[in-house]
Amino acid sequence: MTTSATGENCIRSLPFINKSVAVITVSDRGARGEREDRSGQVVAEQLESQGYLVAARSIVPDEIPEIRRLLCRYSDQDKLGLVITTGGTGVSPRDVTPEATLAVVERIVPGMAEAMRAASLGKTVHAMMSRAVVGVRGATLIVNLPGSPKAALENLAVLLPALPHALEKIQGETSDCAKLRTHASPSEP
Amino acid sequence: MTTSATGENCIRSLPFINKSVAVITVSDRGARGEREDRSGQVVAEQLESQGYLVAARSIVPDEIPEIRRLLCRYSDQDKLGLVITTGGTGVSPRDVTPEATLAVVERIVPGMAEAMRAASLGKTVHAMMSRAVVGVRGATLIVNLPGSPKAALENLAVLLPALPHALEKIQGETSDCAKLRTHASPSEP
Amino acid sequence: MTTSATGENCIRSLPFINKSVAVITVSDRGARGEREDRSGQVVAEQLESQGYLVAARSIVPDEIPEIRRLLCRYSDQDKLGLVITTGGTGVSPRDVTPEATLAVVERIVPGMAEAMRAASLGKTVHAMMSRAVVGVRGATLIVNLPGSPKAALENLAVLLPALPHALEKIQGETSDCAKLRTHASPSEP
(Lines give C-alpha, C1' and ligand atoms only; values in the text may rest on other atoms or scores of the structure.)
Protein backbone atom coordinates (compact mmCIF):
# COMPACT_ATOMS: atom_id res chain seq x y z
CA MET A 1 0.00 0.00 0.00
CA THR A 2 1.32 3.39 -0.97
CA THR A 3 0.19 6.85 -0.11
CA SER A 4 -0.32 9.09 -3.06
CA ALA A 5 0.79 12.66 -3.29
CA THR A 6 -2.75 13.76 -2.61
CA GLY A 7 -2.88 11.79 0.62
CA GLU A 8 -5.33 9.11 -0.52
CA ASN A 9 -4.53 5.51 0.21
CA CYS A 10 -4.24 3.44 -2.91
CA ILE A 11 -3.46 -0.20 -3.49
CA ARG A 12 -1.07 -0.55 -6.38
CA SER A 13 -2.32 -3.06 -8.86
CA LEU A 14 -0.42 -6.30 -9.18
CA PRO A 15 0.95 -6.90 -12.66
CA PHE A 16 -2.26 -8.62 -13.70
CA ILE A 17 -2.80 -8.53 -17.43
CA ASN A 18 -6.29 -8.50 -18.86
CA LYS A 19 -5.99 -11.13 -21.58
CA SER A 20 -9.67 -11.28 -22.48
CA VAL A 21 -10.16 -11.04 -26.24
CA ALA A 22 -12.91 -10.50 -28.77
CA VAL A 23 -12.46 -11.83 -32.30
CA ILE A 24 -14.48 -10.02 -34.95
CA THR A 25 -14.76 -11.47 -38.43
CA VAL A 26 -15.48 -8.75 -40.97
CA SER A 27 -17.07 -10.31 -44.04
CA ASP A 28 -20.17 -9.58 -46.06
CA ARG A 29 -20.54 -13.19 -47.05
CA GLY A 30 -19.78 -14.45 -43.58
CA ALA A 31 -22.39 -12.13 -42.10
CA ARG A 32 -24.95 -13.47 -44.57
CA GLY A 33 -24.07 -17.01 -43.59
CA GLU A 34 -22.70 -17.74 -47.06
CA ARG A 35 -19.18 -18.51 -45.90
CA GLU A 36 -17.86 -20.45 -42.95
CA ASP A 37 -15.89 -18.28 -40.56
CA ARG A 38 -12.62 -20.17 -40.67
CA SER A 39 -10.41 -17.13 -39.98
CA GLY A 40 -12.22 -16.20 -36.81
CA GLN A 41 -12.03 -19.81 -35.72
CA VAL A 42 -8.31 -20.32 -36.24
CA VAL A 43 -7.45 -16.92 -34.74
CA ALA A 44 -9.51 -17.70 -31.64
CA GLU A 45 -7.90 -21.12 -31.27
CA GLN A 46 -4.43 -19.69 -31.63
CA LEU A 47 -5.13 -17.03 -29.01
CA GLU A 48 -6.53 -19.58 -26.55
CA SER A 49 -3.50 -21.79 -27.01
CA GLN A 50 -1.41 -18.80 -25.94
CA GLY A 51 -3.32 -18.19 -22.73
CA TYR A 52 -5.83 -15.63 -23.92
CA LEU A 53 -9.51 -15.90 -23.00
CA VAL A 54 -11.72 -15.50 -26.05
CA ALA A 55 -14.69 -13.79 -24.43
CA ALA A 56 -16.60 -12.97 -27.59
CA ARG A 57 -16.75 -13.73 -31.29
CA SER A 58 -18.78 -11.84 -33.87
CA ILE A 59 -19.29 -11.68 -37.61
CA VAL A 60 -20.16 -8.33 -39.16
CA PRO A 61 -20.55 -7.16 -42.76
CA ASP A 62 -18.02 -4.73 -44.27
CA GLU A 63 -19.85 -1.67 -43.01
CA ILE A 64 -18.01 1.03 -41.06
CA PRO A 65 -20.84 1.79 -38.60
CA GLU A 66 -21.27 -1.85 -37.63
CA ILE A 67 -17.53 -2.44 -37.22
CA ARG A 68 -17.16 0.75 -35.19
CA ARG A 69 -20.04 -0.16 -32.92
CA LEU A 70 -18.52 -3.54 -32.09
CA LEU A 71 -15.03 -2.13 -31.52
CA CYS A 72 -16.44 0.44 -29.10
CA ARG A 73 -18.63 -2.06 -27.29
CA TYR A 74 -15.78 -4.50 -26.68
CA SER A 75 -13.49 -1.68 -25.56
CA ASP A 76 -15.71 0.66 -23.59
CA GLN A 77 -18.45 -1.57 -22.28
CA ASP A 78 -16.93 -5.04 -22.02
CA LYS A 79 -13.50 -3.66 -21.22
CA LEU A 80 -11.64 -6.44 -23.01
CA GLY A 81 -7.88 -6.20 -23.18
CA LEU A 82 -7.64 -7.04 -26.86
CA VAL A 83 -9.90 -6.89 -29.88
CA ILE A 84 -8.81 -8.70 -33.02
CA THR A 85 -10.51 -8.24 -36.36
CA THR A 86 -9.99 -10.48 -39.37
CA GLY A 87 -10.96 -9.40 -42.89
CA GLY A 88 -11.63 -6.20 -44.75
CA THR A 89 -8.03 -4.96 -44.75
CA GLY A 90 -7.39 -5.16 -48.49
CA VAL A 91 -8.01 -2.77 -51.36
CA SER A 92 -11.37 -4.04 -52.61
CA PRO A 93 -14.09 -1.41 -52.59
CA ARG A 94 -15.83 -3.04 -49.63
CA ASP A 95 -12.62 -3.27 -47.51
CA VAL A 96 -13.10 -0.65 -44.80
CA THR A 97 -11.93 -2.29 -41.59
CA PRO A 98 -8.88 0.04 -41.33
CA GLU A 99 -11.09 3.11 -41.73
CA ALA A 100 -13.50 1.85 -39.05
CA THR A 101 -10.55 1.17 -36.76
CA LEU A 102 -8.89 4.53 -37.35
CA ALA A 103 -12.20 6.18 -36.48
CA VAL A 104 -12.25 4.70 -32.98
CA VAL A 105 -8.65 4.36 -31.82
CA GLU A 106 -7.18 7.21 -29.81
CA ARG A 107 -3.57 6.35 -30.54
CA ILE A 108 -2.20 4.31 -33.43
CA VAL A 109 0.64 1.79 -33.07
CA PRO A 110 2.08 1.86 -36.58
CA GLY A 111 5.04 -0.34 -35.70
CA MET A 112 2.84 -3.37 -35.12
CA ALA A 113 1.19 -3.00 -38.52
CA GLU A 114 4.58 -2.39 -40.15
CA ALA A 115 6.06 -5.48 -38.47
CA MET A 116 3.21 -7.68 -39.70
CA ARG A 117 3.54 -6.41 -43.26
CA ALA A 118 7.32 -6.67 -43.30
CA ALA A 119 7.19 -10.28 -42.14
CA SER A 120 4.45 -11.18 -44.62
CA LEU A 121 6.28 -9.47 -47.44
CA GLY A 122 8.96 -12.12 -47.12
CA LYS A 123 6.33 -14.67 -48.12
CA THR A 124 4.21 -12.88 -50.73
CA VAL A 125 4.37 -9.57 -52.55
CA HIS A 126 0.63 -9.21 -51.95
CA ALA A 127 1.33 -8.52 -48.28
CA MET A 128 1.95 -4.89 -49.25
CA MET A 129 -1.76 -4.58 -49.99
CA SER A 130 -2.76 -5.15 -46.37
CA ARG A 131 -3.90 -1.86 -44.92
CA ALA A 132 -4.19 -3.29 -41.40
CA VAL A 133 -4.21 -0.81 -38.52
CA VAL A 134 -3.24 -1.36 -34.89
CA GLY A 135 -4.27 1.11 -32.24
CA VAL A 136 -5.31 1.73 -28.67
CA ARG A 137 -8.72 2.77 -27.40
CA GLY A 138 -8.83 3.31 -23.65
CA ALA A 139 -7.16 0.24 -22.16
CA THR A 140 -7.87 -1.95 -25.18
CA LEU A 141 -5.51 -2.86 -28.00
CA ILE A 142 -7.28 -3.20 -31.36
CA VAL A 143 -5.55 -5.22 -34.07
CA ASN A 144 -6.61 -5.74 -37.69
CA LEU A 145 -5.62 -9.03 -39.30
CA PRO A 146 -6.13 -10.00 -42.96
CA GLY A 147 -9.11 -12.10 -43.93
CA SER A 148 -7.55 -15.36 -45.10
CA PRO A 149 -6.95 -17.90 -42.34
CA LYS A 150 -3.34 -18.41 -43.42
CA ALA A 151 -2.47 -14.70 -43.57
CA ALA A 152 -4.36 -13.99 -40.34
CA LEU A 153 -2.36 -16.61 -38.43
CA GLU A 154 0.93 -15.50 -39.96
CA ASN A 155 0.29 -11.90 -38.99
CA LEU A 156 -0.88 -12.82 -35.51
CA ALA A 157 2.28 -14.85 -34.98
CA VAL A 158 4.35 -11.71 -35.56
CA LEU A 159 2.56 -9.87 -32.75
CA LEU A 160 2.25 -12.66 -30.18
CA PRO A 161 5.75 -12.33 -28.69
CA ALA A 162 5.20 -8.61 -28.09
CA LEU A 163 1.57 -8.75 -26.94
CA PRO A 164 1.95 -9.49 -23.21
CA HIS A 165 4.27 -6.55 -22.64
CA ALA A 166 2.14 -4.33 -24.88
CA LEU A 167 -1.06 -5.18 -23.00
CA GLU A 168 0.67 -4.65 -19.65
CA LYS A 169 1.81 -1.18 -20.73
CA ILE A 170 -1.56 -0.24 -22.21
CA GLN A 171 -3.28 -1.32 -19.01
CA GLY A 172 -0.66 0.34 -16.85
CA GLU A 173 -2.90 3.01 -15.45
CA THR A 174 -6.19 1.23 -15.19
CA SER A 175 -5.81 0.27 -11.56
CA ASP A 176 -7.72 1.99 -8.79
CA CYS A 177 -4.88 4.45 -8.72
CA ALA A 178 -5.47 5.50 -12.29
CA LYS A 179 -7.16 8.71 -11.28
CA LEU A 180 -3.91 9.65 -9.55
CA ARG A 181 -1.84 8.99 -12.60
CA THR A 182 -0.48 12.49 -12.72
CA HIS A 183 1.22 11.66 -9.44
CA ALA A 184 2.04 7.98 -9.77
CA SER A 185 3.26 6.72 -13.08
CA PRO A 186 4.57 3.17 -12.57
CA SER A 187 4.32 2.21 -16.20
CA GLU A 188 6.44 4.98 -17.59
CA PRO A 189 8.62 3.55 -20.35
CA MET B 1 -25.87 -13.60 -66.00
CA THR B 2 -27.02 -13.32 -62.46
CA THR B 3 -30.07 -11.79 -60.94
CA SER B 4 -29.40 -9.37 -58.17
CA ALA B 5 -31.28 -9.17 -54.94
CA THR B 6 -33.14 -6.17 -56.27
CA GLY B 7 -34.33 -8.11 -59.27
CA GLU B 8 -32.27 -6.30 -61.93
CA ASN B 9 -30.39 -8.35 -64.43
CA CYS B 10 -26.69 -7.76 -64.32
CA ILE B 11 -23.79 -9.09 -66.30
CA ARG B 12 -20.89 -9.90 -64.03
CA SER B 13 -17.71 -8.35 -65.29
CA LEU B 14 -15.03 -10.64 -66.64
CA PRO B 15 -11.71 -10.31 -64.85
CA PHE B 16 -10.68 -7.47 -67.11
CA ILE B 17 -8.13 -5.20 -65.54
CA ASN B 18 -8.04 -1.52 -66.45
CA LYS B 19 -4.31 -1.00 -66.99
CA SER B 20 -4.53 2.53 -68.34
CA VAL B 21 -2.07 4.83 -66.62
CA ALA B 22 -1.28 8.51 -66.26
CA VAL B 23 2.25 9.57 -65.37
CA ILE B 24 2.51 12.95 -63.67
CA THR B 25 5.89 14.58 -63.24
CA VAL B 26 5.86 17.00 -60.31
CA SER B 27 8.65 19.50 -60.75
CA ASP B 28 8.85 23.27 -60.66
CA ARG B 29 11.73 23.30 -63.08
CA GLY B 30 10.18 20.71 -65.32
CA ALA B 31 6.96 22.69 -65.49
CA ARG B 32 8.94 25.78 -66.51
CA GLY B 33 10.69 23.79 -69.19
CA GLU B 34 14.04 24.17 -67.46
CA ARG B 35 14.60 20.49 -66.98
CA GLU B 36 14.01 17.51 -69.23
CA ASP B 37 11.42 15.14 -67.85
CA ARG B 38 13.57 12.03 -67.72
CA SER B 39 11.74 10.47 -64.75
CA GLY B 40 8.35 10.64 -66.38
CA GLN B 41 9.88 9.20 -69.53
CA VAL B 42 11.56 6.20 -67.94
CA VAL B 43 8.56 5.45 -65.73
CA ALA B 44 6.24 5.53 -68.73
CA GLU B 45 8.56 3.27 -70.73
CA GLN B 46 8.84 0.79 -67.90
CA LEU B 47 5.07 0.68 -67.48
CA GLU B 48 4.49 0.12 -71.21
CA SER B 49 7.04 -2.68 -71.25
CA GLN B 50 4.92 -4.35 -68.56
CA GLY B 51 1.69 -4.16 -70.52
CA TYR B 52 0.28 -0.94 -69.17
CA LEU B 53 -1.20 1.67 -71.48
CA VAL B 54 0.18 5.12 -70.76
CA ALA B 55 -2.86 7.19 -71.61
CA ALA B 56 -1.57 10.54 -70.38
CA ARG B 57 1.57 12.31 -69.26
CA SER B 58 1.72 15.69 -67.52
CA ILE B 59 4.21 17.98 -65.87
CA VAL B 60 3.02 20.18 -63.01
CA PRO B 61 4.81 22.49 -60.59
CA ASP B 62 5.08 21.60 -56.90
CA GLU B 63 1.74 23.16 -56.03
CA ILE B 64 -0.88 21.23 -54.08
CA PRO B 65 -3.91 22.57 -55.99
CA GLU B 66 -2.44 21.70 -59.39
CA ILE B 67 -1.38 18.23 -58.30
CA ARG B 68 -4.78 17.58 -56.71
CA ARG B 69 -6.61 18.73 -59.78
CA LEU B 70 -4.70 16.32 -62.02
CA LEU B 71 -5.08 13.39 -59.64
CA CYS B 72 -8.84 13.96 -59.52
CA ARG B 73 -9.18 14.40 -63.25
CA TYR B 74 -7.34 11.17 -64.07
CA SER B 75 -9.32 9.28 -61.43
CA ASP B 76 -12.82 10.68 -61.64
CA GLN B 77 -13.10 11.91 -65.20
CA ASP B 78 -10.71 9.79 -67.23
CA LYS B 79 -11.24 6.75 -64.99
CA LEU B 80 -7.70 5.48 -65.38
CA GLY B 81 -6.74 2.42 -63.39
CA LEU B 82 -3.45 3.82 -62.17
CA VAL B 83 -1.95 7.26 -61.66
CA ILE B 84 1.79 7.48 -61.01
CA THR B 85 3.48 10.65 -59.84
CA THR B 86 7.22 11.20 -59.85
CA GLY B 87 8.86 13.95 -57.82
CA GLY B 88 8.04 16.11 -54.84
CA THR B 89 8.21 13.31 -52.27
CA GLY B 90 11.25 14.56 -50.34
CA VAL B 91 11.68 17.00 -47.47
CA SER B 92 12.51 20.18 -49.38
CA PRO B 93 10.13 23.04 -48.67
CA ARG B 94 8.51 22.68 -52.08
CA ASP B 95 7.96 18.92 -51.79
CA VAL B 96 4.21 18.55 -51.33
CA THR B 97 3.20 15.63 -53.55
CA PRO B 98 2.36 13.41 -50.54
CA GLU B 99 0.15 16.12 -49.05
CA ALA B 100 -1.66 16.60 -52.37
CA THR B 101 -2.14 12.84 -52.63
CA LEU B 102 -3.37 12.43 -49.06
CA ALA B 103 -5.91 15.14 -49.77
CA VAL B 104 -7.57 13.17 -52.57
CA VAL B 105 -7.24 9.49 -51.71
CA GLU B 106 -10.11 7.86 -49.86
CA ARG B 107 -8.08 4.97 -48.50
CA ILE B 108 -4.32 4.79 -48.03
CA VAL B 109 -2.25 1.69 -48.78
CA PRO B 110 0.66 2.19 -46.39
CA GLY B 111 2.20 -1.20 -47.10
CA MET B 112 3.07 -0.24 -50.66
CA ALA B 113 4.89 2.88 -49.52
CA GLU B 114 6.63 0.95 -46.74
CA ALA B 115 7.71 -1.77 -49.17
CA MET B 116 9.24 0.78 -51.56
CA ARG B 117 11.14 2.51 -48.76
CA ALA B 118 12.32 -0.75 -47.18
CA ALA B 119 13.71 -1.94 -50.51
CA SER B 120 15.37 1.39 -51.27
CA LEU B 121 16.85 1.58 -47.80
CA GLY B 122 19.00 -1.39 -48.70
CA LYS B 123 20.60 0.79 -51.38
CA THR B 124 20.83 4.22 -49.76
CA VAL B 125 20.12 5.68 -46.33
CA HIS B 126 18.48 8.62 -48.06
CA ALA B 127 15.54 6.37 -48.97
CA MET B 128 14.15 7.09 -45.50
CA MET B 129 13.48 10.64 -46.62
CA SER B 130 10.93 9.60 -49.21
CA ARG B 131 7.51 10.55 -47.96
CA ALA B 132 5.74 8.79 -50.83
CA VAL B 133 2.08 7.90 -50.36
CA VAL B 134 0.04 5.21 -52.06
CA GLY B 135 -3.74 5.29 -51.93
CA VAL B 136 -7.01 4.58 -53.65
CA ARG B 137 -9.51 7.05 -55.05
CA GLY B 138 -12.60 5.45 -56.46
CA ALA B 139 -11.35 2.65 -58.72
CA THR B 140 -7.94 4.27 -59.25
CA LEU B 141 -4.68 3.46 -57.51
CA ILE B 142 -2.48 6.52 -56.98
CA VAL B 143 1.23 5.96 -56.41
CA ASN B 144 3.92 8.51 -55.55
CA LEU B 145 7.43 7.77 -56.79
CA PRO B 146 10.59 9.79 -56.03
CA GLY B 147 11.82 12.35 -58.51
CA SER B 148 15.13 10.91 -59.66
CA PRO B 149 14.87 8.52 -62.61
CA LYS B 150 16.93 5.88 -60.82
CA ALA B 151 14.95 6.01 -57.58
CA ALA B 152 11.64 6.18 -59.43
CA LEU B 153 12.42 3.01 -61.39
CA GLU B 154 13.72 1.19 -58.33
CA ASN B 155 10.59 2.01 -56.38
CA LEU B 156 8.30 1.12 -59.28
CA ALA B 157 10.04 -2.25 -59.60
CA VAL B 158 9.03 -3.05 -56.01
CA LEU B 159 5.35 -2.53 -56.79
CA LEU B 160 5.14 -4.10 -60.25
CA PRO B 161 4.77 -7.72 -59.10
CA ALA B 162 1.85 -6.77 -56.85
CA LEU B 163 0.13 -4.30 -59.18
CA PRO B 164 -2.03 -6.58 -61.34
CA HIS B 165 -3.68 -8.21 -58.33
CA ALA B 166 -3.99 -4.85 -56.58
CA LEU B 167 -5.69 -3.24 -59.58
CA GLU B 168 -8.00 -6.22 -59.98
CA LYS B 169 -9.08 -5.94 -56.35
CA ILE B 170 -9.49 -2.17 -56.49
CA GLN B 171 -11.60 -2.48 -59.63
CA GLY B 172 -13.58 -5.37 -58.19
CA GLU B 173 -16.84 -3.48 -58.02
CA THR B 174 -16.63 -1.18 -60.99
CA SER B 175 -18.66 -3.34 -63.31
CA ASP B 176 -22.22 -2.53 -64.28
CA CYS B 177 -23.16 -4.28 -61.11
CA ALA B 178 -21.24 -1.86 -58.95
CA LYS B 179 -24.36 -0.12 -57.80
CA LEU B 180 -25.51 -3.41 -56.39
CA ARG B 181 -22.35 -4.01 -54.49
CA THR B 182 -24.15 -4.42 -51.21
CA HIS B 183 -25.67 -7.53 -52.70
CA ALA B 184 -22.90 -8.92 -54.88
CA SER B 185 -19.38 -8.84 -53.62
CA PRO B 186 -17.29 -11.04 -55.91
CA SER B 187 -13.98 -9.48 -55.00
CA GLU B 188 -14.15 -10.03 -51.27
CA PRO B 189 -10.67 -10.90 -50.04
CA MET C 1 25.16 36.88 -57.06
CA THR C 2 22.09 36.22 -59.10
CA THR C 3 19.27 38.43 -60.13
CA SER C 4 15.86 37.06 -59.40
CA ALA C 5 12.95 37.12 -61.74
CA THR C 6 11.47 39.98 -59.76
CA GLY C 7 14.59 42.04 -60.26
CA GLU C 8 15.87 41.98 -56.69
CA ASN C 9 19.47 41.13 -56.06
CA CYS C 10 19.86 38.08 -53.94
CA ILE C 11 22.88 36.26 -52.59
CA ARG C 12 22.38 32.54 -52.91
CA SER C 13 23.06 30.85 -49.61
CA LEU C 14 26.16 28.72 -49.35
CA PRO C 15 25.42 25.12 -48.41
CA PHE C 16 25.53 25.98 -44.72
CA ILE C 17 23.58 23.53 -42.60
CA ASN C 18 21.96 24.66 -39.38
CA LYS C 19 23.02 21.88 -37.02
CA SER C 20 21.73 23.47 -33.83
CA VAL C 21 19.67 21.02 -31.80
CA ALA C 22 17.31 20.95 -28.85
CA VAL C 23 16.94 17.75 -26.84
CA ILE C 24 13.66 17.40 -24.99
CA THR C 25 13.21 14.66 -22.43
CA VAL C 26 9.54 13.78 -22.02
CA SER C 27 9.04 12.14 -18.63
CA ASP C 28 6.65 12.72 -15.77
CA ARG C 29 9.16 11.47 -13.26
CA GLY C 30 12.04 13.33 -14.85
CA ALA C 31 10.06 16.56 -14.77
CA ARG C 32 9.40 16.04 -11.06
CA GLY C 33 13.08 15.46 -10.46
CA GLU C 34 12.46 11.85 -9.46
CA ARG C 35 14.58 10.36 -12.20
CA GLU C 36 17.92 11.33 -13.62
CA ASP C 37 17.71 12.35 -17.26
CA ARG C 38 20.12 9.82 -18.68
CA SER C 39 18.45 9.58 -22.10
CA GLY C 40 18.63 13.29 -22.74
CA GLN C 41 22.25 13.23 -21.64
CA VAL C 42 23.42 10.40 -23.88
CA VAL C 43 21.47 11.70 -26.87
CA ALA C 44 23.01 15.15 -26.46
CA GLU C 45 26.50 13.70 -26.14
CA GLN C 46 26.05 11.55 -29.22
CA LEU C 47 24.82 14.53 -31.24
CA GLU C 48 27.73 16.70 -30.14
CA SER C 49 30.22 14.00 -31.04
CA GLN C 50 28.72 14.12 -34.55
CA GLY C 51 29.18 17.86 -34.97
CA TYR C 52 25.78 19.07 -33.83
CA LEU C 53 25.44 22.00 -31.46
CA VAL C 54 23.13 21.20 -28.58
CA ALA C 55 21.63 24.62 -28.01
CA ALA C 56 18.99 23.63 -25.49
CA ARG C 57 17.87 20.79 -23.26
CA SER C 58 14.54 20.53 -21.48
CA ILE C 59 12.55 18.09 -19.40
CA VAL C 60 8.77 18.16 -19.65
CA PRO C 61 6.03 15.94 -18.24
CA ASP C 62 3.96 13.73 -20.55
CA GLU C 63 1.45 16.45 -21.31
CA ILE C 64 0.54 17.31 -24.89
CA PRO C 65 0.28 21.10 -24.36
CA GLU C 66 3.69 21.35 -22.74
CA ILE C 67 5.37 19.19 -25.37
CA ARG C 68 3.70 21.15 -28.17
CA ARG C 69 4.75 24.46 -26.69
CA LEU C 70 8.40 23.42 -26.55
CA LEU C 71 8.39 21.96 -30.06
CA CYS C 72 6.95 25.19 -31.44
CA ARG C 73 9.33 27.39 -29.48
CA TYR C 74 12.42 25.56 -30.66
CA SER C 75 11.17 25.55 -34.26
CA ASP C 76 9.49 28.91 -34.71
CA GLN C 77 11.27 31.17 -32.23
CA ASP C 78 14.73 29.66 -31.78
CA LYS C 79 14.83 28.41 -35.35
CA LEU C 80 16.87 25.33 -34.49
CA GLY C 81 17.60 22.88 -37.29
CA LEU C 82 16.68 19.80 -35.31
CA VAL C 83 14.56 19.00 -32.29
CA ILE C 84 14.93 15.57 -30.72
CA THR C 85 12.55 14.23 -28.10
CA THR C 86 13.20 11.17 -25.96
CA GLY C 87 10.42 9.39 -24.09
CA GLY C 88 6.67 9.06 -24.28
CA THR C 89 6.59 7.06 -27.52
CA GLY C 90 5.21 3.81 -26.10
CA VAL C 91 1.69 2.54 -25.46
CA SER C 92 1.32 3.45 -21.78
CA PRO C 93 -1.63 5.72 -21.08
CA ARG C 94 0.65 8.68 -20.45
CA ASP C 95 2.66 8.22 -23.68
CA VAL C 96 1.55 11.10 -25.89
CA THR C 97 4.74 12.42 -27.47
CA PRO C 98 3.70 11.20 -30.96
CA GLU C 99 0.32 12.92 -30.66
CA ALA C 100 1.97 16.17 -29.55
CA THR C 101 4.39 15.90 -32.47
CA LEU C 102 1.71 15.12 -35.04
CA ALA C 103 -0.16 18.19 -33.84
CA VAL C 104 2.69 20.55 -34.73
CA VAL C 105 4.46 19.08 -37.76
CA GLU C 106 3.37 20.27 -41.19
CA ARG C 107 4.73 17.28 -43.06
CA ILE C 108 5.50 13.83 -41.70
CA VAL C 109 8.55 11.80 -42.72
CA PRO C 110 7.26 8.27 -42.13
CA GLY C 111 10.32 6.60 -43.63
CA MET C 112 12.56 7.80 -40.81
CA ALA C 113 10.25 6.36 -38.17
CA GLU C 114 9.89 3.13 -40.16
CA ALA C 115 13.67 2.82 -40.55
CA MET C 116 14.21 3.24 -36.80
CA ARG C 117 11.60 0.62 -35.96
CA ALA C 118 12.79 -1.83 -38.60
CA ALA C 119 16.36 -1.64 -37.29
CA SER C 120 15.26 -1.98 -33.66
CA LEU C 121 12.99 -4.89 -34.49
CA GLY C 122 16.10 -6.90 -35.30
CA LYS C 123 17.11 -6.50 -31.64
CA THR C 124 13.83 -6.76 -29.73
CA VAL C 125 10.23 -7.54 -30.59
CA HIS C 126 9.19 -4.69 -28.34
CA ALA C 127 10.48 -2.23 -30.94
CA MET C 128 7.14 -2.59 -32.70
CA MET C 129 5.54 -0.74 -29.80
CA SER C 130 7.42 2.49 -30.52
CA ARG C 131 4.99 4.97 -31.97
CA ALA C 132 7.73 7.51 -32.74
CA VAL C 133 6.96 10.19 -35.31
CA VAL C 134 9.35 12.20 -37.47
CA GLY C 135 8.20 15.36 -39.17
CA VAL C 136 9.04 18.82 -40.43
CA ARG C 137 7.83 22.12 -39.05
CA GLY C 138 9.06 25.12 -41.00
CA ALA C 139 12.80 24.56 -41.44
CA THR C 140 13.07 22.27 -38.41
CA LEU C 141 13.18 18.49 -38.35
CA ILE C 142 11.46 17.00 -35.30
CA VAL C 143 12.37 13.46 -34.28
CA ASN C 144 10.86 11.31 -31.54
CA LEU C 145 13.18 8.79 -29.89
CA PRO C 146 12.18 6.17 -27.30
CA GLY C 147 12.73 6.86 -23.62
CA SER C 148 15.35 4.32 -22.64
CA PRO C 149 18.96 5.49 -23.15
CA LYS C 150 19.85 2.30 -25.01
CA ALA C 151 16.87 2.42 -27.39
CA ALA C 152 17.24 6.17 -27.89
CA LEU C 153 20.87 5.80 -28.99
CA GLU C 154 20.11 2.81 -31.21
CA ASN C 155 17.34 4.69 -32.95
CA LEU C 156 19.39 7.86 -33.30
CA ALA C 157 22.20 5.84 -34.88
CA VAL C 158 19.83 4.77 -37.65
CA LEU C 159 19.08 8.38 -38.57
CA LEU C 160 22.55 9.92 -38.20
CA PRO C 161 23.88 8.91 -41.64
CA ALA C 162 20.86 10.49 -43.34
CA LEU C 163 20.55 13.59 -41.17
CA PRO C 164 22.99 16.01 -42.85
CA HIS C 165 21.37 15.59 -46.25
CA ALA C 166 17.90 15.71 -44.70
CA LEU C 167 18.63 18.95 -42.87
CA GLU C 168 20.18 20.48 -45.97
CA LYS C 169 17.06 19.69 -47.98
CA ILE C 170 14.69 20.88 -45.27
CA GLN C 171 16.61 24.14 -45.02
CA GLY C 172 16.88 24.48 -48.76
CA GLU C 173 14.70 27.52 -49.01
CA THR C 174 15.46 29.35 -45.81
CA SER C 175 18.06 31.68 -47.25
CA ASP C 176 17.39 35.36 -47.88
CA CYS C 177 16.13 34.24 -51.24
CA ALA C 178 13.43 32.11 -49.71
CA LYS C 179 10.71 34.53 -50.62
CA LEU C 180 11.68 34.01 -54.23
CA ARG C 181 11.41 30.29 -54.02
CA THR C 182 8.87 30.10 -56.76
CA HIS C 183 11.61 31.33 -59.05
CA ALA C 184 14.72 29.70 -57.63
CA SER C 185 14.47 26.16 -56.41
CA PRO C 186 18.03 24.93 -55.86
CA SER C 187 17.05 22.12 -53.53
CA GLU C 188 14.60 20.41 -55.80
CA PRO C 189 15.02 16.65 -55.49
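Letters A, B and C name the chains as they come in the text, with residue numbers starting at 1 for each one.
Here, a contact is a pair of C-beta atoms (placed from the backbone, for glycine too) under 8 Å apart; a residue touches a chain by one contact, two chains touch by 3 or more.
Keep in mind it's a predicted model, so treat the numbers as computed, not measured.
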Interface composition of copies chain A and chain B: same or different, split at half: different
Copy-to-copy rotation for chain B and chain C - C-alpha atoms, rounded to a multiple of 5°: 120
Chain A and chain B: spacing of chain centres that average the CA atoms, whole Å: 30
Multi-partner residues of chain C (at least 2 other chains): 110, 114, 118
Chain C contact footprint on chain A (complex, rising order): 107-112, 114-115, 118, 136, 139, 141, 159, 161-162, 165-166, 169-170, 172-174, 178, 181-182, 185, 187-189
Chain A partner contacts - residues on chain C that touch it in the complex: 27-29, 62, 87-96, 98-99, 110, 113-114, 117-118, 121, 125-131, 146-148
